[in-house]
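Here come two complexes built around subunit A, the first alongside subunit B, the second alongside subunit C.
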Partner chain A sequence: MSSTRTTVVFIVVLMMVLPYLGTAKGRGRGSKWWGIARAGEPNNLVSNSIKENSITNSYLDPDVHATLRRKQRRLVRDHPGVVVAVAKGAKQAISECKHQFKNRRWNCPTKDFHRGRNLFGKIVDRACRETAFIYALMSAAVTHSVSRACSEGAIESCTCDYSQRGPSGADWEWGGCSDNIQFGVKFSREFVDAGEKGRDIRYMMNLHNNEAGRVHVSTEMRQECKCHGMSGSCTVRTCWMRLPFFRVVGDNLKDRFDGASRVLISNTGRTPGNGRKKYNYQLKPYNPEHKAPSKKDLVYYENSPNFCEKNLKLGIAGTQGRVCNETSIGVDGCDLMCCGRGYKTEVKEVVERCACTFHWCCEVKCKVCRTKKTIHTCL
Partner chain B sequence: MSRSPSDRIAGNLKRTLAASLLFFLLLRPVTSNWMHLGLSGTSPSLTLPPPPPPFQPKPPSTLSDQAPNAGLVTLTAGLSDLQQQMDQQQQQQQSHSNQMVTQGSARAICAALPGLVSRQIQVCQAHPNTIQSVSDGARKGIQQCQHQFRNERWNCTTKDDQNVFGATLERGSRETAFIYAVTSAGVVHAVTQACSLGNLTECSCDMERQGLPAPDGWKWGGCSDNIRYGIQFARQFVDAPEKAIQKKPKNVRNLMNLHNNEAGRKAIATLMRMQCRCHGVSGSCELKTCWRTMPTFAQVGDYLKQKYENAVQMKPTKFVRTMMQEKMSSKELKIQSVSSSKTKRQAPLGKTDLIHIHKSPNYCVEDPKKGILGTSGRVCNKNSTGSDSCDLLCCGRGYNTQVVRHVERCFCRFVWCCQVKCKTCVTMLDVHTCK
Partner chain C sequence: MAGAVVENLSNRKLIVLISFLLICLLVCFLLGGLVAPAPSNVQSVLATKCYDNSQNKSKFFYVRPNGGCDKIDDLHGPEAEERHITDKNVVFAFQLPIPRGGIELDYSRWMQNLIGILQIDVTFFKEWELMEPRVPVTIDARLGYRNKGDPEDEWKEYATSTESRTMDCSPPERDGYLYNCSLLPLFELGALHHDYYLLNLRFPVIYENNRGLGPVSDLWLVVINQNGGFTKVWLSLKTIFFPMVVGVMIWFWRRVQLLARQPTLLESMLLALGVALSTLNLPLEYLTLSFEMPFMLLLGDMKQGIFYSMLLSFWLVFAGEHLMDDNERKGLRGYWKQLSCVGVGCLSMFIFDMCERGIQLRNPFYSIWANEIGTQIALSFVIIAGIAAGVYFLFLSYIIYRVFRNISAKRQALPAMASARRHFYEGVIYRFKFLMLATLLCAAMTVVGFILGQVSEGKWKWDEDINLEYTSAFFTGVYGMWNVYILALLCLYSPSHKRWPSESAGQDETNEEIEFTPLPTEPSELSSLTAMIKKTATD
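Take a look at the complex of A and B:
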């Protein structure tokens, strides 16, 4: 009798545990800090410091504080002002992700912040292309934003990058304030990669994609110059290194997303080390005939779901109700977007201001136009 | 007469079965199986005594071992010098006459060709020599189709069995419309060309205007391509399967196919151009002879591809009604099309417009039932923005990258005399294929 009871209890316990076994424990572990992007939103009771961009108070409200790992908290403490840059970068990454994927079935949905849960939902628990993109973009954004914050003087522990790369040219000299990409990359490595410890493929994937994001920022650095001669003539010219527009980084990463390479799960055995050694490994492609991923490539090892139907288990909203383009044959076209379910067409009246004229001084007068717009939405 | 109820039920069942079978046979999608002539051009069944053409290249044994329109290029290249052609035509006709197929062997050959309807067999028996041109024409059409669609998701895939295009033809989609038009045009082109080359006994150059003076002072002369014969022959042969079934139940698909066949033929007719040659002193144009010549088949392909892009989708019911009323004879058909914006198409439907009745699938994912191969594994162009771009071709699934060793000869120079020395260059190319 007691044995049957034990069996029943065992089964019940097993049934409670089983659903959680499916998702590997801590797969999206390094992604917890993403919650910092929600700092400053009204639901967070955040100290006004972030809103006002004040660098004096680097401590966060408990909710955001909880998203950081111990090492990340230390970093935030050591570099006053950096948390603002990180939060700004994370926000930038989210809006960039939404922009890049606005025409695709997966359109980079984010959830409202709540403690301990992932910002991008369960997609992060998988190891597909979308996940790779999120990691790379987040890491790139932190690098970008921190580097810029340095040259803006928003972080106490870093300044402009005065180390000059190579000799000056014949008609120009290094000068001005270069964006501090070195500090940005170094900080991003410590901060973003803080959670990525271990030897399994998931950590290696995250590390690789994080690093790929940083490489995309640092290789797109461009030289900017200014002429200081008489009435702006170019007899005297100073040049400095400037960060790329973040849109450029987003575009490049999106390209890499399309060409992302699938790697073998058996890629393990990374020698645990610190510093540069940590990133010195070569992942093997899933198909040996395919090109091995380069430093700039994104890597993944699981297939993406098709994102067509609603799937709560995978955290997919489905494409029902999405607006599609009837004439396109691409992924934004109704045929692919709606996964063959068909779409409905509505004619909506849009009221907008039009035929605006400027009247001296200083007024702009507009008419109100009503135009009819045809909108297609997936069934 | 006292049959048991079970007997009666069985009898009824049989009758219904038979009726439904008949119904099925009548309504089953028509596949124009004659197109396989384009694949089996050199199959044993078609080994007519090969006409000895000086210009005509040997038909390739399979489609795959030749570039899509390599045969076409050589064919049309041969056409350019018509004068020379005229000289040789007579020799040809002489040598040709002793190779004519006898009545008996024609019957055997035509009966052995699979997939022809009875009317087509009749035509085949009446013109056994022309069948080789039909086969050439079908091949031309298929090659041109594959050339035109090499960068699209649907790349005009053919199968090696009798039903050349597989399940694609079962849909009344735009792609089907193009296939019908281009193969029909191919037959016109090949037959007309054979006429001009003198490979056929029943036709020759178009002599209608021969020697007649034109108002501008020049004369009609040379060998005008006999497009009328080509069109007439193609109409007889290519349209036969549609007409055979069309007699009783007016099938929408038959009407669609007939229209598109005709559109293909009309395409060649509208692209006919005039060529002239001057015969005056040292080539001056005091004396001028002109003749009408066919476009190259690549031009026909381009033209039909344009028509494919602007193909019109028809509402089946309305379509049939108007087609019946006008009996395909009027010059213009004012038909309401199924336009996306639910607006009526105002422009009348021209004879060269392609029409279809079904929407095309997206051809992205493999579906053996529908005969769709999917785009997985197709080579895409990363830098393109057109239909061959990785973005569009791979339907958003992304692409894989392979490194391919590309060996080519380079830095070639001419060494006196007479040698060309080259180096071999090895470049590593990234090839992208859809996931």
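Take a look at the complex of A and C:
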């Protein structure tokens, strides 16, 4: 309760402190930080510094520095150790995105030379479902990863958010600290939303999807309890929230992707009188008979391209050469995947790891299976 | 003496006293609700996986500051294969508490105790071998501590143990999810004496131990400690109630001593109840601020146990002494059957507690529930205690039923009685009903409060600005209520001296004589009123 209050206060302060910049210049400008996901890769200059970016080390690598906005830089400086968490989160989001979309025409392609907001290609310039998903997932991943890093003690400056104040003010000794997720959500809101401002519908869409990602993380928290009263009885019971497994968040967001709400472009959004509040808007559905999008829904306002053909303008590779499933009638089926262009069928001998067993610790023993597989690839 | 204070107190005085006590109760409740924080605080700590190549078991692996741990990111990825990690190389390190707000937090002695629960995240891969539903886990646990001002890498050993636990796991529906595994209670510290704690866990493979573990991705340790603020509020309540109860007890016993007769069974029971409450109230926790007292959890349980057994025995004796039948009971011996229920129940709970928390004094990682035999023993003691409690309540309700039956029988006969005799019975009935009402009210409030707390998780909100910490309010409220209940009993059920000066003037000796030779037809209630009735009857 108090945290929402502080968040609101924070947002108000934020809106007053930050210069009110013009609109519509660079639609995906707020997503420049995605480039942080590339940090730490072997062929990258950023790598060495980010891996070693310890809690005590406030030094920021120039390459990471370049991907961040001024406000994000300040946040990173104020919270040593957070860069590593954000980078980990971004990487996790990318692999989650690839996992969720592996069977679709658009399979969340990323290219090594893509930087910053272009990490996922130019598709993010279009306000379509895929973009909505990427924004939500990235935001969710930052929330998740930062909360996790707090639990590991990797970020020392995770705020305590004392739920109850003692006589001497906020106090860990008096009332303990709040759950780690609260800092994760708060940080993600500051960090991820830092670049999203303006009155443009696109900003609103991004803000909404970012928030949706965070909401999916915090609503997937599961409560666990332990009794520790007299003789271990349940007279005293303490409960805590367990951070969700990120795959669950990814699955839920994928479900929301399938049922994403299309909103009106003409959304002015702002409820009258509260023009300056960043999150104070209500998006109207494209179809007036539909309900307004809820907090968990993903929103978009442009149709997705069909992803069939190569489209350089949007950075789409097309489905040529993609493997498809002959028997499926879903999106991974050859008919849909290949967009009716047809497919070629080959019989290949595939060498795979199979029948794996895990031996504690930490050996995965697999058999090598040679199987003949019929592989269909789109023409 | 003419019965107890409660009969002779004017309504106005009674109302003043009761409203004073009720205000005390309300203050306790609000103190817990508005001032105290939640009773306990939780931190979920994620294990840092450290690489140990020295296999030097005396070394502690710490997380902060950097340098104490060579981190491993993933236990079943390419990294693990590259480094040829085996069970001997992996140490899971938890450094408690985790830092917040840029400060390396430390535990305060006000926080009293620490409970650690382990949660093992095991990933489920469809193609991989399925994990057994019951996985035996062997844990090499080492707990170290450090205090402020010590060198940052100097951890001293607090406890070490090799523990086996059983983890129940069920596979999830979808590939790549985590198994749903049960939580493993890991340790309980009765004293939180040091500033920082460090837990190092290893899962060694010796023979078949730990072979059944699937691909562990993460380890979480959930640590629960009592909140310092709650301890402070709780302790101040104790500090206030302790002298109050002791004072009232002394006052009560002096009045009993002033009587010319021996104290009755009920009066002795009341005194014993007061003593039991005073031991519960004794603010021993102050000592934990300077001494390490790991037995506080056990002691607290024992003190509560003694109090509850006294309270239960008191109700039994009280109901029995108000039976108004013609049987004569000789002191406590008359209640041996019923009291043995209380005794057996409390004894089995005591043995159970000694088996769990007693052994934890030597090994904080010990848990009686960890192995099959222990679980059976523990369960049997708990079941015995449960049966004893059930039988006790049957006995109690039977006695109360009989009291009510006698009351209605006596009621009908009341108008026909002589006035003194009628006064006597009216007094008995009044006293009984008063206590019944108060007891039922207290018990109902405790139960309702408890259920409300269980049903409504989290905080209660009555108003936007009022943030009521319900759990704490419940604890302080119930604690205050039983204190107030016993204070009221001590005050109201102490012998009244309203009429006894005149009695003692002339009829002291005869009174005493008759008191000790009650006629078999008379109720066993030993008060001087009885004597008066007898006298009027013989006259």
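Throughout what follows, the second predicted complex is superposed on the first by the 276 of 379 C-alpha atoms of A that agree within 3 Å, B and C clash if a C-alpha of one lies under 4 Å from a C-alpha of the other, contacts with A are read in each partner's own complex, and residues count from 1 in each chain.
Heads up, the rule we're going with is that a contact is a pair of C-beta atoms (placed from the backbone, for glycine too) under 8 Å apart; a residue touches a chain by one contact, two chains touch by 3 or more.
Small disclaimer: the values here were computed from a predicted structure and weren't measured.
In the overlay built on the shared chain, the residue A:C362 is in contact with subunit C alone; subunit B does not reach it. For subunit A, the partner that touches more of its residues is C, with subunit B and subunit C as the two candidates. Applying the stated contact rule after C-alpha superposition, one finds that A:C150 touches subunit C and leaves subunit B untouched. In the superposed model, A:F257 makes contact with subunit B only, not with subunit C. Of all residues in subunit C, only 36-48, 63-66, 75-76, 80-81, 85-87, 89-90, 95, 97-105, 108, 110-111, 115, 117, 119, 121, 125, 127-129, 174, 176-178, 183, 185, 188, 203, 205, 210-211, 213-216, 220, 222, 224-225, 227-229, 232, 300-301, 304-305, 349, 352-353, 356-357, 450, 454, 457, 459, 461, 467, 469, 475 touch subunit A in the complex they form. Across the complex, subunit A is touched by residues 153, 340-341, 362, 364, 382, 387, 390-392, 394-396, 398-403, 430, 432 of subunit B. Touching subunit C in their complex are the following residues of subunit A: 1-2, 54-56, 99, 148, 150-153, 156-160, 163-164, 166, 171-177, 179-180, 223-224, 226, 228, 230-232, 234-240, 242-243, 245, 247-248, 251, 354-364.
The touching residues of subunit A, counted against subunit B in their complex, run 104-105, 129, 257-262, 287, 289-291, 326-327, 329-331, 335-336, 340, 374.
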